[in-house]
């Protein structure tokens, strides 16, 4: 439903979708606890899907907060590395998340857009929806610190 | 290092530490993915420990963001239920987390203090430190929505 | 630069731009400390301009944080009342703001989009830019509480 | 009501209360729009009072969001400069504020505590109460960027 996935001429990619996926699975194998995949990557934004199973639920049958946090956080990491390349040690410095509605049963997806890509800090907005739905169930703003590079 | 665990006369407990633990393990078994335990519970605040294993690490050997989010979120859920009783369906409406320092190797703990306990909303501050350390590695503010009760 | 001002078919307006302006100036005269005007109002989003003078600057000649907070906050109030009508007592419950770049000299504008409009809570994203620029200098997420209506 | 104003042995002051006040009034005269004064300054924390007049109110007679934002923001600026000295160009990078209760009539105060003081970033927690009250009406977390020094 969002318009995040329009290419934004101010940005250019450093990695394509497959290079990005291979690299992040290699340097961050623990992210595999959450079964994510990159659906789309364009200059300025990304769409990431996440498979949800029973381990990710909380009372009431809703997807747990840590699972949605993990989706927002990995989407931000992926979109940033998609634009800056193989900088594994980029780390989250802050993340603000609003849980807006009960997620539908089934898988989730995140659309994540860069709103600043500086040398040291990058900030993104993330919208989480059901896989086949356009109602925003969670919204996040994440800031990452980018380590100095040679 | 914080002074959260001074009893605050404006609050009174609805459950003791053991009742709270038994109840949350029962209604929220998925929280057991993260091996938490309640160390202390006093009017107004709580201390929660979390065992960290390799699944909770990210590149650079640091504890992952979702793990610290989960610790902040469960600490807030526990302190709120400790004061309002068996209200399983309290849900996080927003959580803002700042990652301040690289966590030390080993387990983590959270000290969490109520700053508002209203009928419909409760807000807490959370400080995460190493288990044997008093340097704050992450700070969070969480707001929960409390469903109407009979 | 943002695409906020595309009409969103999920929303419909309760007031037009002029009705909204007259009403808010009447019930919230103190907002006039900040010289705002509604530039555009469409279903789902709004554009609000703010005139900046020397009182709104901080060391280094940059627009002060409270000024940008005020712009984000009034834009959120305006877009919500544009959709729910004359509910003066809607109040901010939380606002998270990221200051991303030094604002250019001159006036500012905010584009603000509803991401949830519930019965009791409404949440918006806000992007602040210079008046003739599309670089985002501040990004905010605001949640308002809407009082019960007859 | 908070315990912020216990001296924290991990911190030491660079300026005393009067030096700090004189310096900030000089480099940031616009902050005088909000009539603040430093009540107490100890290693690790500060108490700042703010006089409220009619210009700072919003519909319903409550203190406006920008006013409480300004109080939180200036308290953070003051506590940081109290510890790092005359670094006028420290700037807010993010501020998250929760409005918890309707403020009482009259003046406000903020207690603000450092939770991290790094070389480049400093983070504080702020509790805003009435001047003669200990009910927290707003809670904020602020992060400032500290420019490199010679």
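Going by the order they are written in, the chains are A, B, C and D; count residues from 1 in each one.
In this text, contacts are C-beta pairs under 8 Å (C-beta built on N, C-alpha and C of every residue); 3 or more make two chains touch, one makes a residue touch a chain.
Note that the structure is a prediction, hence the values are computed from the model and not measured.
With angles rounded to a multiple of 5, the C-alpha fit of chain A against chain B returns 180 degrees of rotation. Comparing the CA-atom centres of all chains against that of chain C, the greatest distance is found for B.
Between the CA-based centres of chain C and chain D the separation comes to 24 Å, rounded to the whole angstrom. Averaging Cα coordinates per chain places chain B and chain D 26 Å apart. Looking at chain B, residues 93-94, 96, 98, 143 sit in touch with two or more other chains.
In the complex of the two chains, the chain B residues touching chain C come out as 93-94, 96, 121, 143. Within the complex, the chain D residues that touch chain C are 27-28, 30-31, 33-34, 54-60, 62, 64-67, 69-70, 73, 88-89, 91-99. Only residues 1, 3, 6, 96, 98, 100-101, 115-116, 118, 123, 125, 127, 136, 139, 141, 143 of chain B touch chain D when the two sit together in their complex.
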